[in-house]
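Note sheet for the following structure.
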Amino acid sequence: MFTNLITDVDGVLTDGGFYYSGEGKILKKFGPHDNDGFKMLVEMGIQPVAISADMLGYSITKKRMEDMGIPIHLVSASTRYKWINDRYDFRKIIFVGDGYFDIECIKASRYGVAPSNAPDIVKAAADFVTTSCGGNGVILEIALSMMNEN
Amino acid sequence: MFTNLITDVDGVLTDGGFYYSGEGKILKKFGPHDNDGFKMLVEMGIQPVAISADMLGYSITKKRMEDMGIPIHLVSASTRYKWINDRYDFRKIIFVGDGYFDIECIKASRYGVAPSNAPDIVKAAADFVTTSCGGNGVILEIALSMMNEN
Amino acid sequence: MFTNLITDVDGVLTDGGFYYSGEGKILKKFGPHDNDGFKMLVEMGIQPVAISADMLGYSITKKRMEDMGIPIHLVSASTRYKWINDRYDFRKIIFVGDGYFDIECIKASRYGVAPSNAPDIVKAAADFVTTSCGGNGVILEIALSMMNEN
Amino acid sequence: MFTNLITDVDGVLTDGGFYYSGEGKILKKFGPHDNDGFKMLVEMGIQPVAISADMLGYSITKKRMEDMGIPIHLVSASTRYKWINDRYDFRKIIFVGDGYFDIECIKASRYGVAPSNAPDIVKAAADFVTTSCGGNGVILEIALSMMNEN
């Protein structure tokens, strides 16, 4: 039914925080459960893909996604819809995002998901709002909900 | 109607935390949504300005604000009111602050805003208390509320 | 009655967060009360043992456990049940975990505990769900509950 | 009426977290409001004093307290009561603590305070439980409550 889960990174796989030193963005906080969730999705035949518009923190994001074995692409907020549409079929994807500029993709996807920490306007656009907040089990919660449906 | 949004940094654009090592204040935690909010304000013709009294952590604050393209000024708590009054018209500004010494500016501004994490005494002085807490969407929430008003 | 308390680390003794830089996992956040809790358990004759499946962050975990004087072992999620069963008697242990793959050990233990931040499916398997969340007093809460029982 | 406010550091002036790398405890998170609170207390004639039992993170604690101009002493949990009793009059002090081993001093003090994040057993011993949690305005809240009483 679903071919892919496409997820934003900051605010979904992290708590959304950009930890800055005087050198710039140097840390992000990821969580302990999403790796389990990604593995379950793969077992169900749903391939995870991560996209991020955060150019300044991309080396951090890339390192974490590589540690989990998930493909990651740098895609700006304004080209996000087109980027997905050129490569995937929105009718067969789960899209997860927490940002104002994610609303278009959340609406276009077969199953649009927002984490509990997303702004109200983003959550209002989603098919499913997780009880988990970003960086604390969002992907695991989606994977478990998929298992229950099958 | 509004010419400027003037915002404090710590506790509004961050979670308020000062992350210390033995060397001193080395990290602050900013959020993912405020950059979107600042862009919307600029599109509405409201220029954002950031002020901070945190001398010890100023290089961190400055780096983040430069990354977002927002002007930042080091202004002590006790001179804050005068500093703004000399440069702007309080009747045309939105002021956002979470500290005890922000109360004077919150009251003087046309639209004084406090984030949900501010002490009660600060929130009691505000025209608007965001549901977002510092470092998690305060500026975006203000920008969205301005859009709805227009 | 209990010979050992065996506890997972990430999400129980920490808030579950993996703080990443571009170099990888570099920080974890532990809490102030668990050291007190471990001392109380030892005084009651219950020996604490920590296990972790987090290979990438093991040097961090190891350092903290050594600072508290608690033995720590690297045990993968899939071999966790067997590892415990080969060394301990499940009927005499308290097991604490917050992950999906901890459910088997939580159920097998005489007293299975999950912290408040664990996913619902994990908490449903536990004999006791702490009001404390990971990294903020889980072990102390268990130790105090044991004192009250005696 | 009160000569001193004596406060624990971790969990009162911080969120209680010990941020570890493989090198050990390297970061603590302090908050934006306590500096304002300490200044108010001094203006009321109440001298602040900080004590900490955290030897491993003492250089971090010391740096922050020096930045705020508050005297800090390394005092173990077991000798805390005697240390205070030898130097101060418990009938004239405010004591703030969040740990299990702070209960004795909280009870002995004229005004014993616990932050909202303290374990229930600690809060039950306090004369006043702040609505603020550690690292987010505990001292400011106490200072404001003192102002209202005068």
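The chains carry the letters A, B, C and D, assigned in the order they are written, with residues numbered from 1 in each.
Convention: contacts are C-beta pairs under 8 Å (C-beta built on N, C-alpha and C of every residue); 3 or more make two chains touch, one makes a residue touch a chain.
These figures come from a predicted structure and were not determined experimentally.
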- [ ] Note the shortest touch-path length, in steps, from subunit B to subunit C.
- [x] 2
Open item on the list: Under the document's definition of touching, what chains do subunit A and subunit B have as common neighbours?
Closed with: none
Open item on the list: Quick check for the class: compute each chain's Cα centroid; which one is farthest from the centroid of subunit B?
Closed with: C
Open item on the list: Over half shared numbers or under half: where do the identical copies subunit A and subunit C land at their interface, same or different?
Closed with: different
TODO: Write the angle of the rotation needed to overlay subunit C on subunit D, where the fit uses Cα atoms and the result is rounded to the nearest 5°.
DONE: 90
Open item on the list: On a C-alpha centroid basis, what's the spacing between subunit B and subunit D, in Å?
Closed with: 28
Open item on the list: Could you work out how far the Cα centre of subunit A sits from that of subunit D, in whole Å?
Closed with: 40
Open item on the list: If I count partner chains per residue in subunit B, which residues reach a count of at least 2?
Closed with: 19, 26-27
TODO: Sort the chain contact graph into one of these: line, ring, star, complete or other.
DONE: ring
Task: subunit B contact footprint on subunit A (complex, rising order) - done: 10-11, 16-27, 56, 98-101, 117, 119-121
Task: Residues of subunit A defined as touching subunit C within the complex - done: 15, 19, 26-33, 36, 59-60, 62-64, 67, 131-132, 135-137, 140-141, 144
